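Next up: some structures, all given as structure tokens.
Across the two complexes that follow, chain A remains constant while its partner is chain B and subsequently chain C.
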Partner chain A sequence: MSYVFILPAFALVVALLVLPMMQNVYYSFFKWDGISPPLFNGLKNYLAMFTDPVIAGSMLNTVIWVVFTLVFPALGGLVVAVFVTGLRGENFFKSVFFIPLTISFVATGIIWTYMLGRELGVLNGVLALLGIPLKPSYLTSVPLNTFSMIFAWTWQQLGTNMVMFLMGLGTIPRDPIEACIIDGANKWQTFVHVKFPMLAPITTVVITMAMVNSFKVFDIIYVMTRGGPYSSSETLAISMFRETFTLFHMGYGAAISVVLSLIVILISAAYIRRMTKRDMLYY
Partner chain B sequence: MTRWLRKAPVYAVLVLLTLMWLLPVVSSFLVSFKSSEDFVSQTFYQLPTQIYFFKNLVTVIAQYRLLDNLGNSLMYSAAGTVVVIIAASMAGFSIVRLRPKFNFALFLIIYSGTLFPFQMYLIPVYRLFNTLNLYDTRTGMVLIYSAICIPFSLFVYRGFYTTIPREIEEAAKLDGCGPARTFISVFLPQSLAPTAVVALFQATWIWNDLLFGMVLSRAQSVRPIMVAVATMTGYGGGNIPWIMTAVIFTSIPTILLFVVLRKFFIQGMVLSITS
Partner chain C sequence: MRKMMGLMLCVVAGALLLAGCAAKPTNLVLMHDKGGNPNYVPFFEDLGKQAKAAIGVGFTQSPYPTTDVFQAAVRAALPTSKAPDLFTWWSTYRMKDLIDNGLVADLTDLWNKHKAEYPQGLRDAFTFNGKVYGMADVVEYWGVWYNKDVFAKYNLKVPTTWDEFLKVCDTLKKNKITPMLESVQQRWPTFILFEEMVARQDPKLYVDLCEGRAKYSDPRVKKAFSVWADMIAKGYFTDPSTDLFADGPRLFNAGKVAMIPCGSWYLSVLTGGGVAIDKADIFVMPPVNASAGKVVIMEASPIVVSAKAPNLAAAKKVVDWWMGPEGNAAFAKMLNQYPANAKSDSSFLPASKVNFAKTINDGYQVLNRYWEATPTAICEKAVDKFAEFILKPSSVDTVLADLDKIADDYWATAKK
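For the complex of A and B:
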């Protein structure tokens, strides 16, 4: 009886996610165009990735995404959460950063494509208003295009991280902070020595999620540049899509996705282990 | 006064950030109210010479047949969320309370579905759907959306059901309720909070999906809304006032859902990250 209750969920997930995942690993060892029968070619797909200049560029872009996601939306979220707490107008500022969370990545991508347009875009319009004689082409020059998209991503993601840090700050007990103040510690010292260490669990989650999510970014890049021009703004997630569904290099695409997944799992390993450990305690 | 002065730099930065965050929102709305002529001849901050939003909307709906895609996505969001609520609440109840053998292993297998990037499933699912004739069908879309949403939803229900006191269940058992009766008359009526969290997050996720829609559908009668909106841009950027009108129009359902279920958002965030 108990298995009957699990069956629908289990069957759907195993048939459409777990088994396909294993199959995907299997395909990554084949040369396959999706139509003719797959040809086994061992590790050649993986080896090809190391000599593929497009994949190298895409790796570099992925690293840029990860690093700057940690700097802007993650660290930015912490800074905003700390400074906005207890401020007059706190709720107003919080809801401002909240707005982008209610729309899709596709919408964000389109809005920022308009903002960053060269001739009729808002940003260059503001530059002209300020009398700055610059007219950058945000989405076609390299590496500016990657940074422009990270900016759009920050606009959407900062609110999420802010909410998490606000939650964390809310759970810190008053006593140790008051003790600090009595001992004569200033605000900065209180933050560094008491608040920040107590935020550690949330910080871990935010950092893990920020890294994992920047490896998964797809929609924003697809909408804003399609990975172009000439694959210059691709990340691994986009390269996989292009190799698989535009060039029909199914085996190669599968290999890229396996590498992508390995990196993601590696990053979240510590976090998953902690989670399962805590859950085991419950069982 | 001195206190205010000390806070001044903080306010300055926050106001600057606020402007940066609101500028895209305001300019997008403004553009959607402009005609193509106004858009080309004006600068971004000028007001439109006439209110063109509804004309843009009518044009977009007629030219891109957006209502088809809107209907599709409405169906996927509704059907997918219902399937997920049923499947995940049942599984959560079983894992927490019926305790089958290997319940933790079963949970981990299902939960592993959220760990990997979606790219890991695309090729095999695309192939599987082709052999099962599910490619480019609405049934196929509902199935894959449900499967993707189950792991997180199961997590939500499982977490919630551990907080329901066992005494209630024992009482039901004494009254002669079997597991099915206990689930329906004891657990389900108390499941409002997790169900709201699941509905908010999963309906929004399905509505906003681009990747699976692009890979698993082709026909206008199957393609979800975000794919339709994303392909409006093309390489040249397309007609910005039209596209922006479409963006605003197609964002309304998720924004409404968000407003209605607002208080469950934080709860869902807590669950999704402390998970």
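For the complex of A and C:
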């Protein structure tokens, strides 16, 4: 009977995800412009990735995105969640950090493109008002453009992680914390030795989501720089889009997406596997 | 009796079927990429209604906000039964692979019908192997839009020689006004200055470069880049992060940027951004090398009919009307653009565009825009290389070597 209930969802996943993925893998072995008949070319698309300087740059940018996405939105979410709890006006501050989450990535990209404009941007306007003789080109200077976009991403994503960590903090039982306080531990020691270890399950979810999202980050980069100038801010997802839908190298684009998917699946699986084993210690 | 009843039922069913078929409206779809900035959605909507009123067949639209997503969607749809009846596209090399794959309807019969209304050069831009594909809705030319108030304030005149042009730039710079807008945002605008610099150095070199008969490392190309680099070094351009559409009209209106090299269609972007129509005027950039002569860049944008259009006959009927003097003028009028049909009414054009057309008709050599004049595979990568040069002019040798490699790789395998 259970099979009947899972059948609709299973059928949708197979039709809309599994089959297109298999088709994508199939086309990754072809040279194809999307309209002419595809020509089989074996592993050439995969091998070409190793000698393509744009892909090397995209890979580096992707790693930068993953690392700094873990540092800023994920760690930042934890810090905000910890400090905002119990604060006077807690709900107000939570709302302030949560509001950007209600805005789409595209809208976030457009807002920050205007904010970061060199000539008419708000940020440079503020610098000028303060008499600071700086006028950075946030979106065309390399590598400042990548970090500017990570900043915009952090602004949007911080609220998600804050909410997740608030949920985690809310589920920690009072007993071990009270025992810790009775034993004379200060707030920092309580956090490091009791709260943070007990947040491990939610930390696993936050870090996994942050990694997956940063590997596949697309919308905000596409809106703010389109991976430019001269592919300097491209990540693998943007390279895949550019090769597929701008240059119409469908096979090469499919190969990039296969590699990107494999990286995400392998890293996420390894991390979840390791963390879930550790998490069992606390339950 | 039973047979009679059966016959009557068949007749009724047949009549209902026929009535159903007759009542089914022909729903033509026009796909286009002008659904963002610039936004042509209201214009196409209006034109669809005008076509319906004039010939009984109208069209609805399927707009896309960005060019790359639009191109991908059209290419995916064209080989299928869901192909758009009509779609906007670009001439020459941008059309070639669609035509090579038999995805575009042959419109030679309509071009023959309207032969007296179109110049041969325009027909040639859409001709492949003796057949004509796509119709020209508007034809625009590329020049330099300038702020008349700023020019008047500093007593500047429209330059006719390169020295005069540099003097204008110098005067503006000394008065703390950025002479020209240059942008790497949205990728494609980087070719604007490239084509101006090379075509004004040597128009034949420009054509040869586009068609693979010259190298990007040619000393004449390098000379064109050195002129461009010198202008960048002198601070004649805005920061390259300036956006042509979002920032251009505002900076122009505020008098912070005096000149914007762009197509003559940019007037609607300026006025849409709050610039008064009589505040802007346009001139052709003077030749860097006097022997280059009078040269202007042309952009002919076609409306194309899919070979697999679900309503092919109705689509051609709309194109026939749109190609004619009435339809062509109707669309051009909404956009303040030049109608491609020479017999169309053009009295609606603002003075700046009327004068610009007069100038061009005074013996100018017309060249195709880089976007269409060179193969798409080269152009799409070249625009990133131009951006690299704009941001790092010292990288010119690497950029030109990379451009040679991109072009060589293409021409080595291309079906010429």
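Following the convention adopted for this analysis, the second predicted complex is superposed on the first by the 257 of 283 C-alpha atoms of A that agree within 3 Å, B and C clash if a C-alpha of one lies under 4 Å from a C-alpha of the other, contacts with A are read in each partner's own complex, and residues count from 1 in each chain.
What we mean here is this: a contact is a pair of C-beta atoms (placed from the backbone, for glycine too) under 8 Å apart; a residue touches a chain by one contact, two chains touch by 3 or more.
Just so it is clear, the model here is predicted, and its values are computed rather than measured.
Looking at the shared chain after the overlay, A:R226 reaches both chain B and chain C. Within the superposed three-chain model, A:M115 lies in touch with chain B and out of touch with chain C [touch as defined at top].
Of the two partner chains placed by superposition, only chain B is touched by A:L260; chain C is not.
Between chain B and chain C, the partner in contact with more residues of chain A is B.
Once the two complexes are laid over each other on the shared chain, residue contacts for A:N91 go to neither chain B nor chain C.
Once chain A of one complex is fitted onto chain A of the other, the partner contacts of A:T140 are limited to chain C, with no touch recorded for chain B. In the superposition on chain A, A:F245 contacts both chain B and chain C.
Of the two partner chains placed by the overlay, only chain B lies in contact with A:V205; chain C stays clear of it. By the document's definition of touching, of the two partners only chain C reaches A:I35; chain B does not. Taken together, the two structures place residues 34, 113-114, 117, 120, 226, 241, 244-245 of chain A in contact with chain B in one case and with chain C in the other. Across the interface of their complex, chain A is touched by residues 68-69, 71-72, 75-76, 78-79, 97-98, 100-101, 103, 184-187, 238-243, 246-247, 250-251, 256, 377, 380-381, 384-385, 387-388, 390-391 of chain C. Those residues of chain A that touch chain C in the shared complex are 33-36, 113-114, 117-120, 135, 137-140, 142, 225-226, 228-231, 241, 244-248. The residues of chain B lying in touch with chain A in their complex are 7, 10-11, 13-14, 17-18, 20-25, 27-28, 31, 39-40, 43-45, 86-88, 90-91, 93-95, 98-100, 103-104, 106, 108-110, 112-113, 115-125, 127-128, 143-144, 146-148, 150-151, 154, 162, 178-180, 183, 207-208, 210-211, 214-215, 226, 229-230, 233, 235, 237, 240, 243-244, 247, 250-251, 254-255, 258, 266, 269-270, 273-275.
In the complex of the two chains, the chain A residues touching chain B come out as 1-3, 5-6, 8-10, 12-21, 23-24, 27, 34, 80, 83-84, 87, 93, 96-97, 99-107, 109-115, 117, 120-122, 125, 128-129, 155, 160, 163-164, 167, 202, 205-206, 209, 215-216, 218-219, 222-223, 226, 237, 240-241, 244-245, 250, 253-254, 256-258, 260-261, 264-265, 268, 272, 275-276, 279-280, 282-283.
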